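Structures for review follow.
Below, chain A partners chain B and then partners chain C, in two separate complexes.
Let's look at the complex of A and B:
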């Protein structure tokens, strides 16, 4: 079905971003939270417009932009993430002196870039969507203008982001030379040819390296902890979910047909295997010696990229989608708890600040603990089921060694997740911590994420039906 | 006519020079210029492939890449300016508040 209306979810978001940018001029500094509510209205409108296309498979621009169930599922995940991030930002940017009107517009524009990325199989379109996402992200990272850490984060993100983009576009140029096309399906078909030119192999390798920077796998992770630490915390929550989710969406679009079509998959398989092992092991080991909570969560998100790569290797798309969904709720939830512990012009980010928090602020302590044990992978949370699905499929596919390493690595991760909980409940408070508690939107998000994590952990059935339909649309 | 392999080899050389410069140079502006060279290496490859196959789309892609490079330059120079305002330097060894 080729119809202009398939653009509506995207157009609503872009229109929302532009409206927010215009209204910003007319609003006083104290009234800028209206912009957040306006962007949430547009986000919900976009989700509603997307829901109407479920199971319809509409497309436009000669099929360059298609809304199959797979794309729609990712649009829902990303829109939910953006709604949650918008809600946790309302008070934060006011308290931390980041209250620039362009904040919400940049979030919406970044989302529009991600929506373009997930709803195309043409790699040039994916690259352009990636650039829309990246350019907005660089600005978001540096939005705390008075804070030297924030500008340092922006500079590091910008340089390494551009570097990664250059890899992707050069890889695309090589694949274009071999296949005379920029479409992923055509690329993959060319790998069925046994005397394939070496240029195509180099091209796909460069593209995977570029995507590796975006999803932050080791050895392409060096920007992640610094950028996560320096950026404003809601933006960090956004970075830890958004670019990672779209990166994996693109990887599925590449590897879903690739594993079946290509004649010689061993080399790519081995390379991804090594990257997955390095990411899980090193990510978790470095996290052990961090004392800044944002950095701990940064290394934890690197380690989670490793577990997600296991799903790519075992061709388990349903498990991967479920994992990403759970990851969204537990990670945004954890960052919301970190944001909750802040007051005017001050954030509490060191582990020592968390001593005794569990008794002083029982709700924040309890929800944060649940998100942490979900990240560590204990039942009855979603984190356990997600890991269980991914690892059990990998065992069925015969990747025993990989699963053993993954389980051992996640055992190591339990230490640093539980360390935060131990600080919160078993240490005497050494510093006087006061926080700003009038933040209903933030507590709403904490509740929503808690609900998401427990719902997915105990009754995942409804979501799994959706995921099956989403995965079926790209077979 | 010059064979296409010359152009491809040249674009590979440019690309690797860009990578080397990115890691060797110790100042934000020069590193950014190194990335621009890598993007232009891709442009050269696109044009060469499009010319040899007599296809137009490769040449159109170059316009997209130039636009992307322009957008990146706009945001990048703003960020580098921000860094300079905070520390009066853009040397990478001085931009080290966070590590570990």
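Let's look at the complex of A and C:
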């Protein structure tokens, strides 16, 4: 296939974004739903265009665009995430008065940035993709313009995002100074040299810090709860999945060759080990004290980044990819359930609002409980299998202390996940909650996520075959 | 001639930076900073780095200064820092200045001797830069267009006038 066809997955998404922007002008306010369906058509088209390259592993533009199975796997799950987020947004942005047609265009542009990031090993390209993602995300966070919390979220995300970009670009500059290249494979080769320059270590450290902001690990997590709380809820669902998934994709691209090539990995290993432990322990402990459901889910997503770092440390790429896939379904599912409990200009986000919901709205209560159980890691859900794969590989790699801490931390997390379920089923309702129930797209997403969580938890075989092929392509 | 120009530009840029620090009026501050940036651009032009000189003037004197002016317009600080915090700020800035000076000294001591103009000429020629942009760096160059679209759409969404809910 020629170079142009290799760009089709990306071009379809960008074309979709531009078409949505043009049509937005001509559509009446009530008919802006069409924009969502148009973006879904383009998303599916892009997935189709991408999957044609499966098992071909081509590279274009002197290796700057790499469509290996690994990149395609990530494009696939990111596109699914965006489809799910688009579907849960349709009614939400209408009810919460954020009905700008540009919403879907920004989602598509953010996705295009993520696709650029996962399909390259050149850090200059990865950085540009990250900026496309970040700039769209800043605007998405502030879309509820009447809500001061949303503006605060946008400002905070913008400032800390710039901060993170500065770290990454400085690290990149140092590594370029050492290696005269911006490619990860060349960066990594410089670590094979025994008299390694200190600049290279500083460079990779700064890049890890910058990515740490994006995947929200402690101590780079300060923005997460406020941004997750203030952003429109579907956007929060998007933030909790999208940037985290691409952040880990880039980390795998760095560390897959790094662990093998580098002579002395101890410093980087120790740094990641400490970050992982801090993230799991502190993330779960702070979540215990939260009473806002969006903040609980924010700290839960921080804690999950810690478990995912365990997979990076134990070099378990297959386990990491499986975890990310399960995480996508259970997290988007949980946020969809939160969105379901809303009506015109009102969202129910406090724990007290959830009292008695399990009996009043049995479907929402039941699906939300299953997502929470999966997040906590109980069988037979995907969350259990994902944790099981990651932790058992880590034990085989000899990281016993880390796994013990991880298991204890996830035991702590059971408390705040089950607390929501206890509120839903065992508390007398203290407030009068009425919700807008005519939302077929949202219930479809709830069903899809439920299917995803249970399918991955009970019959993960087919997906594991795909993941093996994806991981094999970057060896 | 070039010596004369060098000293003229250097003296004007240092003088305008000093004046900027000492002036209280924020509008003058901004103008003096533009003057300093333009003089630095002239210094780059003197050593034959015409491209960097242009970029210096377009980006710093143009784009970045507009940002400063916007911030001055929006924040509108009249009183400045309160006196009890001022003392602390001065000590801290003296400390930072000394550290920065030492850093500059060591950096220059190591690099000044081997530096020649050949590296600058090679990389700052606009023709070769353009050729690189459209061959080796075509893909990243095109990605920046997506970045600009995202930034434009995002900023318009955030600042556009609120639509009236009752009418269509």
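As a working rule, the second predicted complex is superposed on the first by the 473 of 475 C-alpha atoms of A that agree within 3 Å, B and C clash if a C-alpha of one lies under 4 Å from a C-alpha of the other, contacts with A are read in each partner's own complex, and residues count from 1 in each chain.
FYI, a residue touches a chain if its C-beta (ideal position, glycine included) is under 8 Å from a C-beta of that chain, and two chains touch if they have at least 3 such contacts.
Being a predicted model, the structure only gives us computed values, none of them experimental.
In the superposition on chain A, no contact is made by A:455 with either chain B or chain C. In the superposition on chain A, A:265 makes contact with neither chain B nor chain C. Look at A:295: by the touch rule set out above, it reaches chain B but stays clear of chain C. Within the superposed three-chain model, A:162 lies in touch with chain B and out of touch with chain C [touch as defined at top]. When the two structures are aligned on the shared chain, A:143 is found in touch with chain C, with no touch to chain B. Of the two partner chains, chain C is the only one touched by A:102; chain B is not. In the superposition on chain A, A:61 contacts chain C only, with no contact to chain B. Looking at the shared chain after the overlay, A:189 reaches neither chain B nor chain C. Of the two partner chains, chain B is the only one touched by A:225; chain C is not.
Under the contact criterion defined above, the residues of chain A that touch both chain B in one complex and chain C in the other are 124, 128, 131, 135, 138-139, 142, 145, 154.
If you check the complex, the residues on chain B that touch chain A are 8, 11, 15, 18, 22, 28, 31-32, 35, 38-39, 41-43, 45-46, 48-49, 53, 55, 57-58, 61, 64-65, 68, 71-72, 75-76, 78-80, 82-83, 86-87, 95, 97-100.
Chain contact summary for the complex, chain C toward chain A: residues 136, 138-140, 143-144, 146-147, 149-151, 153-158, 162-163, 165, 168. By the touch rule above, chain A contacts chain B in their complex via residues 124, 127-128, 131, 134-135, 138-139, 142, 145, 148-149, 151-156, 158-159, 162-163, 165-167, 169-170, 172-174, 176-177, 180, 182, 199, 225-226, 229-230, 289-290, 295. On the chain A side of its complex with chain C, the touching residues are 14, 17-18, 21, 28-30, 60-62, 64-65, 97, 100, 102-103, 105-106, 109-110, 112-113, 116, 122, 124-125, 128-129, 131-132, 135-136, 138-140, 142-143, 145-146, 154.
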